[in-house]
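Dumping the structure here so I can ask a few things about it.
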Amino acid sequence: MSVISYILAAITVGGGLAAVLLKNMVHCALAVSLAFAGLALLFLDLDAQFAGFVQILVYVGAVAILVVFAILLTRSSETPKDGGVFSPTWLAGLVVAAAVFAVIGWAVLNSVGGLSYETAVPAVTVQQIGQELMGRYVLPLEIVALLLTVATIGAVIVAMHEKEDAK
Amino acid sequence: MTPLAGYLLVAALLFSIGLAGALTRRNAILVLIGIELMLNAANLNLIAFWRYGPHPEALTGMMFAIFSIAVAAAEAAVGLGLVISIHRHAQTADLDEMNRMKG
Amino acid sequence: MLIQEVGSFHPQYVDGPFVTVANFLWLIPALPIVASGMIALLKQPRRRAAATLSIGSLACSLLLALVAFAHVLGGWAHGQAVRETANFTWLRAGAAQVDLGWVLDPLSAVMLVMVTFVGLLIFIYSLGYMEHDENFTRFFCFLSLFAGAMLGVVISNSLLLLFMCWELVGLTSYLLIGFWYQRPSAAAAAKKAFLTTRVGDIFFLLGMVWLFSQTGTLLFYDGGAGSMESEALTGLLAAHAGLGLTAAGAIGLLIFAGAAGKSGQLPLHVWLPDAMEGPTPVSALIHAATMVAAGVYLIARVYPLMQAGSLAGGTTTALTVVTWVGAATALFAALIAVAQNDIKRILAYSTVSQLGYMMAGLGMGGVAVGMFHLITHAFFKALLFMGAGSVIHGCHEEQDVRRMGGLKSNMPSTFVPYAIGMLALSGFPLLFSGFWSKDGILEAAQHWSMAKGPFYMLVCGALLTAFYMTRQVSYVFFGKWRGDGHAHESPKVMTIPLAILAFFAITLGAVGTPAWPWFRAFLDDRAAEFSFGGFHEPGLLALMATSSLAVFLGLGLGWWVYGNKSPQAEEPDALERAAPPVWVVLHNKFYIDELYGATVIAFYAWWAKAADWLDRRVWGGAVALAALLFRGGAHLSRLCDTYWVNGGFDKGCEELANGGGLLARVQSGRVQSYLRLLALAVVVLAAILIWSSRG
Amino acid sequence: MVERLDQLFVLLSHWLVSFLPAGLQQAGGILIGVVVIVCLYPALFAIAVLMERKGLGRMQNRYGPNRVGPYGILQPVADGIKSLTKEDIVPLSADSAVHFLAPLVVVVTSFMGFAVMPMGRNMVLVDLDAGLLFYFAMGASTELAVFMAGWSSRNKYSLLGAMRAVAQMISYEVPLLLSSLAVVMITGSLSLTKIVAAQNSYTGIFPHWYIFTPWGFAGFLMYAISTTAETNRSPFDLPEGESEIVAGYHTEYSGFKFALFFLGEYVAMFSISGLGTTLFLGGWSAPFSFLTWIPSWIWFFSKLMLSICVFIWLRGTLPRLRQDQLMNFAWKFVLPLSLLNLLVAAMWRFLGDGWERWVFCSAVLLVAYVVVGLQEMRSDHFGPRSYRYVE
């Protein structure tokens, strides 16, 4: 874990925490996009170049915008929060999250500790990815393509402004 | 502590932060953001295992991450679409008030 | 009714050229029964229709009977005795089947003619007698029914069919005796008659069932398989029935008990005198000619059974019993008749005594002797009863002989036939039929191998018969009129039948004289030739002399004691003055009724009380107990239902429901709580996995 | 000589780098490249602004700015100084943090594009294998910045402008990607240097630029339309529609932040047209075989300035599109045709050499353009405007 990775990890976790803790919704959205960008950089740090750029393109480019649009459409940013930003049973949630982190952390430390491979940096070219996509992963690719179209149409229909509502 | 364990820990931390966000925040969109975070933590795990795994040239980890990103995007779109339609219907994005599915 | 086969004949019998008679034999009883049915549907005032229907049907039956008789006579004349049967299966239950049928043979032919002829005369007589009675139609309906039933008894070839008609006859006698049911004495007499004959019928039933179980069939003649035929009889003889009796003997005795009940023999004779409560034609028809004769006819019909096992000339225990009972009844009834004052009651006891004669004749002399006396007795006893009827009618319903007298002059057309009848009954020698038939019995009694007792009893009986008949005639017809008002002669419709019967009372004797024993031959299927040699039987003339002596002695004694004296109604009877204690005993009929009252009836009363007690206390108690138990059980179940079921079970269900409510609260609808549970589950699962893998 | 001239800057940087210790050399080289880009493109920005204002003026039959310096040459300097000295007013209710960040993000993401741009032979800062993907990734994040700007200034007009801008950029990003994909499919690589290398050959005197292929020309057309929309320029400059929503998302910006927005906009224009030239106009390759002696970077920058002139020319002539017309045009005309173009490029590649593929591809594309175009014309979108009033 080089210095850079530590920094990037810190940025990502900071973004995540900010996204969760901030009061203003838009700030949360921006914080989360920062986290996404940080994560993309982590990917680059892990020499997964293609994944990193895709992460930026998809998450920072599209999902963040989507979240922001959602926030604006549902006017979440303006409505004054009477009961506070957190739900009444926030403590229970926190405890559970902490428990989950403890368990996973403990599992990670106990299991993967032994797997220290100092492997060479895998030189991954887009060519190879293309071959893989069209080779072994052609079926998942088709399915994801279908899924994306269905999701888009679905989302549009769900969120569409019915005519009768307008009247 | 090996680099892999480091990344896994970061991913676990990010995952639990996402979970905490999902569990504690009142607003539906924040819950979705929490879920996105958890998904990304999972991707980080994948890439870390791919990078420090035995056969990085097999590209499985990375491919898996890429597909996961694609699917997550679709999921985010549908999720937000739902939230928007709920808001239009129930005039609120507050999760506690959306309990019409009560038993 | 499925007519199974036309008729099974003995191979040696060959029937006549035309259709067998047996086929239409059933018409004879059917006609009167159908007539009675139709009369029953008529309205009360339809008197003319009822009379024509019943008399017409009986006339047709008479014609048919004559045809049948001619057929049998023709057969007998050709030397082939005729016995035609027509049997059919009435009931089939699994393997066993019950057959019915009818038979035409000399015995039944004779009876058919007698019953229909006498019946017809009595029907015509009762037209006049019952003229003023408003239940005219009902009377004729019962009469036709009775005639049909009696004819049924005569023609039946099966003991079961005979028994059925036997019961029907009993029923109609009850109905006719109790015809004037307004009078309590008539109702009581009817009931008494019915019950005492029932006692006899029960033994008859037992005998019949036993016969059926032994031989498997109740038919008399069934082409060799009938119960009266040799094959069945040998079977019966083989079976022993205890008390030294063979099955045949025992069954015979049981059937004789039935006959005794119906024919009023000694133990069961009490109902016959009381039956005089019924109208006189009823008494004439039923209690003189036909019904009482049914018992004798029954014994004649089952004679092969009774006689089975007797060696040549010998006799069986059954027949000896019949004889002794007959002789005893004859003497006993004759004694009582002497001390009676009611005109019909005297005749009733005379009938009982004559039936005793017939039974004794059957027992000692065989079927022909008994039957001949039955036929002759039917005619002159019917004559006497109808005569008495016209006397009562004439004296305005007066029945006590002591209030009559001197009717000789103002009721001549009644007096003459009555006198003929009286002479025939008492057996005036040579001229009258009574003498020949009684003589046959006395001859048989004389030759009886067992004992001389019955012979002497019968002779005394004959003497007494002559005595009480002269007493009656002198009281009624001689002396002065002691009644109130004046007696008037009965109309022609009543006196003509008397004349006809009187004619027969005289001529009928010719058929049975020793010189030309046609009747015996006819019945025993032997050729009858006319020869005076018959009289040369050893001791026959001596017998005739003694019997005539007895008759003359009786007549003379009677005229001497009573003659033309016509004592006042209140004066004690001449005999009473002579021997008061004897008179009292005889007048009260040997106190038999009182005896029965004290023994049998008392026993029944006690037994009824005991049964009632048993029923009320024991069974009633048990039922009450059961009821109590049930109520207790119901109470118990209510208790457990309220406390245990409602308390426990329902409450348990309630708890469950609440638990369900609790569980439902988890479905709070809040997404985050679900997510929390999910995460918690993951944590727990992971912990378990790690813990288990570490271990 | 020609070679040296061509590689002038490359040699220059090598020479500078040689002064650095070995460890840092590689980093130093990249640093020099960055510095060059950061200085060069603002200079070009100044020239472009001047050109635009002078060009527009001339088009509108008037002189452009000619007061400052001879023939108005120094106008950009004047503007720069003005923007630096103007007071930077931040609205009270504005979300100061986001408000401050917005212009920065815009400018940074715009400049990021040049990292992978081959401006001359061997003159590319970072030769990424997935160069084009990197470029589009950076391009995608500008929308977020625009939104931040619009939202943070808490102004109805700015928010409305931001929403319009974001919607427009998203709509046209998809056809942009698809049309460039055609080029990637033919060359077989995402790396821009390989794309230029593939075009850098000549048959006779004519270069193998992709624009001279049927699918290339159609692709370039779609690309050009998308770029103008992507940079909110000319017919698609609704976000700053002065007449309706004042200055769009940068209404509340003044002073240097406004200048930054302006700079960001122009740098985005430069980078996207630079990408266009590398993809379709052969990047730094000479137009004719006999002109190869002229240094490669001159060709690159001349094509670049030519594109800018076209932008200015478009701005001067075409009227502004309405929002719904704009959106429908994107989703119903540009997107389907770029998809079709992708198919045609695939057919082009597998039909093999020979005249059949020329005829076939061009025929298909021609028919498609005519049909879809007419269909679009007839639909009411371009007819008289229909008003929907708020009930």
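The first chain written gets the first letter, and so on, giving A, B, C and D; residue counts start at 1 in each chain.
The working rule: a residue touches a chain if its C-beta (ideal position, glycine included) is under 8 Å from a C-beta of that chain, and two chains touch if they have at least 3 such contacts.
Here the structure is a predicted model, which means the values were calculated and not measured.
> Quickly list, by label, the chains bordering both subunit A and subunit D.
Chains touching both subunit A and subunit D: none.
> Going by C-alpha centres, which chain is most central here?
That would be B.
> Contact counts by the stated rule: is the higher one at A-C or A-B?
Of A-C and A-B, more C-beta pairs in contact link A-B.
> Between subunit A and subunit C, what is the separation of their C-alpha centroids in Å?
Taking the average C-alpha coordinate of subunit A and of subunit C, the gap between them is 122 Å.
> Could you work out how far the Cα centre of subunit A sits from that of subunit B, in whole Å?
Averaging C-alpha atoms per chain gives centres 5 Å apart.
> Between subunit B and subunit D, what is the separation of their C-alpha centroids in Å?
34
> Whole-Å distance, subunit B centre to subunit C centre, using C-alpha means?
Each chain's C-alpha centroid was found; their separation is 117 Å.
> Where in subunit B do residues touch at least two different other chains?
Residues 19, 22-24, 95-96 of subunit B touch two or more partner chains.
> Multi-chain contacts in subunit D: which residues touch at least two other chains?
Expected reply: no residues.
> Using the touch rule from the top of the page, what residues of subunit A touch 2 or more other chains?
In subunit A, 50, 54, 62, 69, 87, 92-93, 96-97, 100, 104 touch at least two other chains.
> Determine which chains touch and list them pairwise.
According to the stated criterion, the contacting chain pairs are A-B, A-C, A-D, B-C.
> Can you list the residues on subunit D that touch subunit A in the complex?
95, 97-98, 128-130, 133-134, 136-138, 140-141, 143-144, 147-148, 151, 163, 166, 170, 173, 188-191, 391
> Over in the complex, which subunit A residues touch subunit B? Could you list them?
1, 5, 9, 12-13, 16-17, 19-20, 25, 28-29, 32, 35-36, 39, 42-43, 46-48, 50-51, 54-55, 58-59, 62-63, 66-67, 69-71, 73-76, 81, 83-88, 90, 92-94, 96-98, 100-101, 104-105, 108-109, 112-113, 115-117, 119, 122, 124, 128-129, 132-133, 137, 140, 144, 147-148, 150-152, 154-156, 158-159, 161, 165
> Okay, in this complex, where on subunit C does subunit A touch?
So the residues of subunit C touching subunit A come out as 670, 672-673, 676, 679-680, 682-683, 686-687, 690.
> In their complex, what parts of subunit B are in touch with subunit A?
So the residues of subunit B touching subunit A come out as 1-10, 12-30, 32-34, 36-37, 40, 43-44, 47-48, 50-54, 56-57, 59, 62-63, 65-67, 69-78, 80-85, 87-88, 93, 95-96.
> Inside the complex, what are the residues of subunit B that reach subunit C?
Of all residues in subunit B, those touching subunit C are 19, 22-24, 31, 95-96, 98-103.
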